[in-house]
């Protein structure tokens, strides 16, 4: 059933930052993920494609620790963290965005970006504002500018448009200065122009950052990614570079055929 | 500008409170206002947890009571009830607050993984257990409670001193909480309120933050509880039963559960209604006797909930906004917008926060 | 849009007005330190008030505000107005005394608010020539009372709810706000302990207990300005043990009592009495207050063949439930194997059947209805002459003859307190100087003459009383279970011949222990046959 298009170099990569081995996730009787093996090399840009219900977000939840896998192991940066709670993973350099934005809606853009940075720091239980917090806020404003939210930096999230919230989602991941960035459909609901800007932003990321990207929009995904995995029904049905995926018939059948190239 | 207006009002209120003993009657200062400030302090711990932590707690009066019972047990001498330790009054305070904080930490840790209605129910359970604990475990109290507890000698014969101590501690708490919410801990707490899942994925230990916030609120409630027993001289399990527990929540709701000042404002309205309703003109002709107090407070709460979900502070803010709007000839839309700005100037949520633990995107 | 905008404004105004009204009322109340009695106040100023709060109210929420019915006002209470002023004038000769009453308008005893206010009012009517403000409710107070040249001014009626916290607030309002110089009340045990402690801090005020039955109030707290002209919960069961041991042949008994101070105190009276004459208490079981399923507690009691009898102190609806659990666990009731405190009543028969007949019952504050003396008849008649009807708690809140309220312990306790104040005031000629020194001295030493038996006070200013023992019997004619008084026990004091003293622990689960000793009233019980004491 699976015709894998493999690129030997990447799967054999010795120094991976993400290594998943036979990951399975079951919700009751439903197998959301089944026997997923995946390695991601440092600095690699991996796009995860697949139709709705393929298990893409579940895969991200497993990597970020929001869900404990039923079977299998998760190794991040050489450390087995199958049992590490989600709040301990940012320390390993993991940052993620959410498909449905998860922002602090009563706080300002600056506050959001400030919190995105402090999570990894020990001082986040401090009861007094210090010089460090001021510099973190300074950086929060810089990040806001980077995601084109400069003018809105003091507005609460409630007052942001949908597109601005998506920009802030990315900003949240950027502000954490991660080694591994998980972007879950960052372009969903954006206009064509906004997608363009988003692609530019992602392309401009520090090449040292390992990027995993779930994206429905093939243009964005294939433009940004070095490598693509395609999922359906909880398994990986194809792997390869963008060109190989574009020409894969099975992928067309289950995914592109239905959705079209847009 | 909003902030400075808020500060200005706060300073004016404090000034009035400080000068009050110069012109208010002894009863008004030593009874009505002292009680107001103590209840306000206790209610502020509910508002703090709710507005900044998204946790509506019904356990605050229990912690308030624990502090009181512990003072009673510690200072009691032969002839009174409880442990009769006969300690120095100030040692008793340290002991009472230590016990209260320890209990708060324990209860907080137990409930840190729940949210919303589950948290409310769990804290209600604590309150009920606490009531029966002190009622049935006669080692600490029994249903008769502990009576005849005197304030430390420094207050003896100087009830105004107690009033001032209550005012000072309230001011310290108010200023402290407002500073706290801008601190790294306070910011994180507000993040937990808005989205605990996101906070965890940013690297925050959500359960720890909730536990610490609950513990801190327990300390505030404990301080109020100590002041209360000095003021009231006695405490018994019915002091922390379900009725008074709800009363404290009602105080917070009247004032505006998302505004810190609302705690004291709510307490003021509550105590005033409690003490003076019977003197309202015509009150008794329409059956508004003191026996109907609970009915009237219930109606008052209903009215406030319908008109202004963020309580009397919300009403005041809206009136002010309306006034500014009229002066500035602002349209109705700008009216509403600035309204929101004020409501969230301190990061307080406009609606009830709905933290949920749904695993988003798990099955799409 | 415009409409909703307006409506929102309107709502704000209403909310603001409510707040302002409360604040206005507060300020008004505060200035009233010297003020008048409660019922008089609203009627004093019908004119200025409505104009204070202009037109916003009546328009929006008619139900909220009283403003639309000012016309009712004068018609409602014609009695206050004339009585108010004229009565004040002749006071030149004496001065006045501000009196506060601590009643109970909520909580377990909330139904007795009428009864207790009626008690005090009747004393003022009898001794001070007062007139009551309403002939159908005692809560409207009285006016025109003058005792020993002092105008007795009722400054307020406190509203307790059976909790110590609340009664402290109420007594503080009466004393510190209304300026009460004498307070009559409170009603229940825990309240009285709190008020007695409060009394210690307010030596300028004299307190006379209403009908609270806690032992500590006088024995441990010993406030020099707190007087109690009735017994405590233990005293009310005095004499019962003597009769059960010597006449009913009980040698051993088991106790089941509510696990709180009144339960302990009530049981303590029985234990002290029963053990003093030689009986032995073999088992004590204490179900928590509020228990609904008593089966596990009843199981802990010895079986009927292992013990001579059971003493029950289970309050409220618990009495029935506990006895039913007993029937289920241990078989049918044998009436004379059971005794209870005041919670035992003929009403139990409706659920338990006539088997309960034969059970013994301890006393309460007033004598039971089957005893009639000329004094009692005159007292009840004077109540019926003062009011037309009262909704007495003693009658379950039903509107009925006032004598029902006054014939029951709650109303009577407050009546006795009022009588005590009046009798002492007369004796000292209304001398209130030096913190009521003469008045207090008189109250401590006098013999209070009240219809259900004379009362004197011990050194803790606590009543030495006459109590009684009843038995539930089958009425010969009707076949129903009725209570019949079998003995009066005079001279019952709080100490039970030294069983209780300020140095002994207050009654609790383990105290008092079971010891033989001489009780002053042992063997002195006066048998009662068909309601007639056999002196």
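Letters A, B and C mark the chains as written, and numbering starts fresh at 1 in each.
Basically, a residue touches a chain if its C-beta (ideal position, glycine included) is under 8 Å from a C-beta of that chain, and two chains touch if they have at least 3 such contacts.
In this text, all values refer to a predicted model and were calculated from it rather than measured experimentally.
The chain with its Cα centre farthest from the Cα centre of chain A is C. Comparing chain C-alpha centroids with the centroid of the full set of protein C-alpha atoms picks out B as the closest. The centroid of the Cα atoms in chain B and the matching centroid in chain C are 35 Å apart. The distance from the centre of chain A to the centre of chain C, each centre being the mean of the chain's C-alpha atoms, comes to 73 Å. Chain A and chain B have Cα centroids separated by 42 Å. For chain C, no residue reaches two or more other chains under the stated contact definition.
Residue ranges of chain C in contact with chain B, taken from their complex: 1, 5, 9, 11-12, 14-16, 18-19, 21-23, 25-26, 28-30, 32-33, 38-39, 41-42, 45-46, 49-50, 66-67, 69-70, 72-73, 76, 105-106, 110, 113, 139, 159, 162-165, 168-169, 172-173, 176-177, 189-190, 193-194, 197-198, 200-201, 214, 220-221, 259-261, 288-289, 502, 506, 508-509. Of all the residues in chain B, the ones that touch chain A in their complex are 179-180, 182-185, 187-188, 190-191, 193-195, 197-206, 208-209, 212, 340, 344, 347-350, 353, 359-364. If you check the complex, the residues on chain A that touch chain B are 27, 30, 32, 52-53, 57-58, 60-61, 64-67, 85-91, 95-96, 98-100, 102-107, 111, 114-116, 118-120, 123-129, 133, 156, 158, 172, 176, 184. Of all residues in chain B, only 24-28, 30-32, 35, 79, 81, 132, 135-136, 138, 142-145, 147-148, 232-236, 238-239, 244, 269, 272-286, 289-291, 294, 300, 303-304, 306-308, 312, 315, 318-319, 322, 332 touch chain C in the complex they form.
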